[in-house]
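In what comes next, chain A is part of two complexes: it sits with chain B in the first one and with chain C in the second one.
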Partner chain A sequence: MFKTITRCASKFVAIAAVSLLAMNVHAADPIRIGSFLSVTGPASFLGDPELKTLQMYVEKINEKGGVLGRQLELVHYDDAGNASKARNFASRLIRSDRVDIIVGGSTTGATMAAVPMVEQARIPFISLAGAVVITTPVKEWVFKTPQSDYMAAVRILNDMKTQGLSKVGLISGTGGFGSSGREQTLKAVKEIGGIEVVGDETYSGSDTDMTAQLTNLRNVKGVDTILNFGFGQGPAIVTRNYDQLGIELPFYQSHGVASDGFLELAGDSAEGLRLPASPLLVPESLPESDPQKPVVEAYKSEYEERWDAKVSTFGAYAYDGLMLAVAAIEKAGTTDKAAVREALESIQGHVGVTGTFNMSADDHNGLKADSFRILEVRDGSWKLIN
Partner chain B sequence: MFSEFLQYLFTGITIGATYALIALGFTLIYNASHVINFAQGEFLMVGGMATVSLTAMGVPMLLAVVLAVILAGVLGIALQRLAIAPAKNADVVTLIIITIGASIFIRGLAQLVWGKEYHVMANFSSDEPIQVFGAVLNTQSLWVLGVGAILVAVLVYFFTRTLTGKAILATSMNKDAARLVGIRTQVVLMLAFMVSALLGSIAGIVVAPITFTSYDIGIILGLKGFVAAAIGGLGSGMGAVVGGLALGVVEAMAAGYLSSDYKDAVAFSMILLVLFFLPRGLFGAKVVERV
Partner chain C sequence: MAQLSQFRLKGLLILAIVIFAVPLFITNPFHYGLATQIALIAGAVVGLNLLVGFAGQISLGHAGFFGLGAYFSAITTSTYGWSAIPALVVGAIGVAIIAWVVGRPILRLKGHYLSMATLAVGFIIAIILNNEREITGGPDGMPVVPFDVFGWELSPFGQYTLFGMEISGDLAWYLFAGVILLVAVWLAQNLIDSPIGRALRSVHGSEVAASVVGVNTAKYKSLVFVISAVYASVMGALYAHYQGFVTPAIAGFDFSIILITMVVLGGMGSTIGVIIGAVVLELLPQLLADFQDMEMVLFGLILMLTMIFMPKGLLPTAANLLAKRRKKSAGGDV
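Moving on to the complex of A and B:
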């Protein structure tokens, strides 16, 4: 009798202790945000500011009490720009770290390598890479924060049209960014109408002189504007050659060179060229009525104060990714993966640094072409046109 | 029509002159040791990057150039003393592989010291390009051509008129015989590496305002320089100059008249053609096997 009572009691105590422990663990159990980024290697200019941004804002959110009363925990790996490493890390995040959501993938290659794992494991994934393929066609669990190059092309072509320009001489890099940009531009030209590509030249990333290509474009009959889609130092050389050849046509570049580093390289010869870019380059010239102004200004000043380095548009993609994840978890009220995915897909009017996100079942990017701002180089700095 | 042609020609000659200078560096070391020094592009990078970083620190341009060239020279000596000399009994292929390793090492070091960004260097003289029959010529191109011509003249003088130059030639022809007549062949080798580093760094400095400069600029320019040297016939100074200019002009013409997509393909098929019909290159020495 006594034995049974003690047994019962000890059982009860054990169960109570275990459940108490479980509850305790549950209350302290952090929300795990997984990330794989190209922090080192050739794409470190993407991954480095992205990681810094994630670390900084996870800390900030935790100081304010976390999300749903739970702390955030960032689990991150460095894929060094290598797609197969990215795939391994994605699998590690899903299987052994058991994260609740993934925000990462600095490059399109890394992102696409992780996509099959993510789809199979059914876990929400917000990518920080730009290419159209990531969200077109829509993949159930995959979202992304940067605009695609198609939108950049549309934005540029529309600005040309408002300037009364209709015959474009296109020059592009043969690297991934340039060749995708070229394809998207040709596609956008067909869809927009009233504008055509009359010349089509390319250069490779290691070329040191593009005067031959530019001379060809200038000599095309009727050409009234030139567009360069490229990345790295190539576009800066194109800009210099353009100036040396004394070409007077309006000159457009892509968002690939929307950085202060480009202005430094191209110097005076960049004067007057236009490009689509994130408002992050010109926070002080945004009008007070712009809903993005406070977000952009806050991100810029917080980042620069914390890291003592210039803010970059790539870091902003990570900022938007993290904030979208947090917003979705808050909206879902749980970290249940299906619920968070649902919530992500229904996010409307979320004001980020890159633009205002309106997600839907057939748009997992949620940005429109007009989230790009057209900037012009005047007196060696960026000037907001519209 | 004519102005177009002239434009492509200017472009080609400018790039070609750069290739020629790099090819000369290859030739020099090849002559002295039969080693193809794949770290040649790195000398070019060190010249440009050191000049940029020194001027950024406030050193006057001319002094910065001199210091950068000296730095490259020291690097050339160090490469020979620390990497090539210890393996003196190794065969040529091993030595070539050592130079590839050295180039990766130097590039890594440069990346740590100078970072990964591209840097600009101002034109030596006016930024205003010169108009010639409707084509434009960057003033820096004239600097590249001028400096290139002077260096070639100096090299010709060095090899034909000075005792040291002749010693290098003698070493390349027969190392043992050279040693027998009292030439210190190890010193000669060191000298060859130093001169070739000086040459490379000067090339790197004069082209930097046109190409920009970064820690990895030496890879592709070094490779193109090697192609130029091979077209001209390894070991021939004249061949290096002609090979470099030909490569540059063919590239520019291909980009202009054919398609910019196939520009590099044309350049690299040129080396195939030349080597197919003239296995020793355009100006390669006839080698007679003594039985």
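Moving on to the complex of A and C:
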């Protein structure tokens, strides 16, 4: 009897092996752009607009005749926000699909899991995730489009200083975004000087009431402003609690909540708070002289027309990633990986939605802190401060 | 009985043949990567099967032990410069102690209460890994150095010579993981065949009856709980070295459920069966990735249909079916 089982089992293995081999089809002609994104799962709010953006602009570029006279082909997988899956799909993109460049990695975990593979395979990789560790220290083949949380912290702290504020009560989420933001804020405080963190509280992503932490911060002697670094629904609850407690201090949030969804969640209680954000939230208030204005306006209207959904800053990271990849391939005049990497590293003055990119050998992000705009909530909508 | 152990040896032999035959079908390093992960996860599932399939106890927190082993190795080798093997052994001993300490009280619980308690243990481990940012890197995870033995490094990106042949790091890792899996299966089958194994099966059959005939059920239950936790810890440590990067997701609830599903899908109590369960559950997402949006729906559908039509699991059902057919044809001859 056992013989038959094993015959059956070996048949199964053979079928599995054959079907694995069958996946291994690739055409030589188009330029292949690989992507792994968190389209489903807890980080889908990142991956979904990113994928939509990539699909839409690959189509658009192809309609206009492609790049270097070749069509673009997007090969994409959903890592569901899981780092092990991200690594597997990165491996598949590199070794099985043999893509020319990778634009993807919605979360820091997914990106960092793929980095060793990318560095080893020597393929240009543009990440769409925020944390500082991705490009500091510089990794030869890894680039990223979003500003780091360190820059957000610097931008916020500098704005506080110009307002004459110097004693910060810090509250942050314990998730990836919040805890990294807290770390970077503490680091930025040391480097900027003249400002200090006098209170340090945290909340977990599933907490439903943060009045205790806020009361603690309010009671710290000398505190003159409060900063919340967090993501998801937590910051909206902090904002509501802040209003309910009647705290009068100036209130800052991070770029993690720079979306229209946050305004809906927080309602009237968001009135008067400030945060650093992408110009994408206020395209019409940008001055005519701003070189980003036409890019931002075009992206917003094209995305909203095509998908009938609100544009998000995360999709813009994918837009910038794709456009940087295209610019680098055009500049290199080939898809040779080393040449494209060289070209990517030497891109100067590339105007994107997130900011103006000036790459260099020791800066693989290429953005400055001032690419964040400081916005204030007034009458339930965003107002550009500077 | 002699027949039974022969049967077991045969299983091991066939597994060895399959493992060493796989490279003949594979040409792509990405597929080696998948096969390596499957072998390592299958090892953890073989250990879990001892607890679930033989002793009849459900653990919903097994990924916690897998994650603990992974993180212990990651932290001691990457941050403190330990060698991989002592890190793996000390990690496994640590996990054994933790499993024993938590196992003693919670294995007094039965049925749903036991599942709830193991679930809580898993959650606690995942929360600690998530929050101790200074040590574990928090939700963003941390990098892990390659596996090394006495200064000799085994990296999936390296090049090695084996019996005079040049082989890639991927193939070397795959062979290494395959051997580890064989050892894991061999140990498990020996355990099943030992007095301990018979005691465990009696606990599975009826705990009351087992204690009436003099089996110390509490002792055997916690023993097998510790053994399965050690299996998970060792495989977790190797998995971390292979991946080169760990995030707290590998200690999470989702992964615990996947491990249990592999056991149930493959066939509880069948060592080879649960390995097939691991192969299917790891390969399906890759095969279905081409269906894009339909992936999760198809995945769920396949699992659901399997459980409805093959409630005993893939291998036992297939074995039954074959046995029936053979009986029929044998009957026809007479």
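Quick notes on this one:
The definition used in the following text is that the second predicted complex is superposed on the first by the 358 of 386 C-alpha atoms of A that agree within 3 Å, B and C clash if a C-alpha of one lies under 4 Å from a C-alpha of the other, contacts with A are read in each partner's own complex, and residues count from 1 in each chain.
The rule is short, and it goes like this: a contact is a pair of C-beta atoms (placed from the backbone, for glycine too) under 8 Å apart; a residue touches a chain by one contact, two chains touch by 3 or more.
Keep in mind the model is a prediction, meaning the values are calculated, not measured.
Touch criterion met: A:Arg92 reaches chain C, while chain B stays clear of it.
When the shared chain is aligned, chain C comes close enough to touch A:Glu183, but chain B does not. In the overlay built on the shared chain, the residue A:Gly65 is in contact with neither chain B nor chain C. Legend: residue contacts after superposition of the two complexes on their common chain; A:Gly272 is shown touching neither chain B nor chain C.
When the two structures are aligned on the shared chain, A:Thr174 is found in touch with chain B and with chain C.
Touch counts on chain A: comparing chain C and chain B, the chain ahead is C. Once the two complexes are overlaid on the shared chain, A:Gly380 sits clear of chain B and of chain C alike. By the touch criterion defined above, A:Asp78 lies against chain C but remains apart from chain B after alignment on the C-alpha atoms of chain A.
By the touch criterion defined above, A:Met112 lies against chain C but remains apart from chain B after alignment on the C-alpha atoms of chain A. Of the residues of chain A, those at positions 174 touch chain B in one of the two structures and chain C in the other. By the touch criterion given at the top, residues 7, 10-11, 14, 18, 21-22, 25-31, 33-34, 37, 130-131, 133, 138-141, 143, 157, 243-247, 249-250, 272, 276, 279, 283, 285-287, 289-290, 292, 295-296, 315, 318-319, 322-323, 326 of chain C touch chain A in their complex. Chain B contributes residues 4, 7-8, 10-11, 14-15, 18, 116-118, 120, 127, 129, 136, 138, 207, 210-212, 214, 219-221, 252, 255-256, 260-261, 263-264 to its touches with chain A in the complex.
Looking at the complex, you find that chain A touches chain B at residues 44-45, 174, 201-204, 206-209, 211-213, 215-216, 219, 232-233, 236-237, 244-246, 261, 264-265, 267-268. Chain A meets chain C in the complex at residues 1-2, 4-6, 8-10, 12-14, 16-21, 23-24, 40, 77-78, 82-85, 87-89, 91-92, 94-96, 108-109, 112-113, 115-117, 120, 131, 133, 174-176, 179-180, 183.
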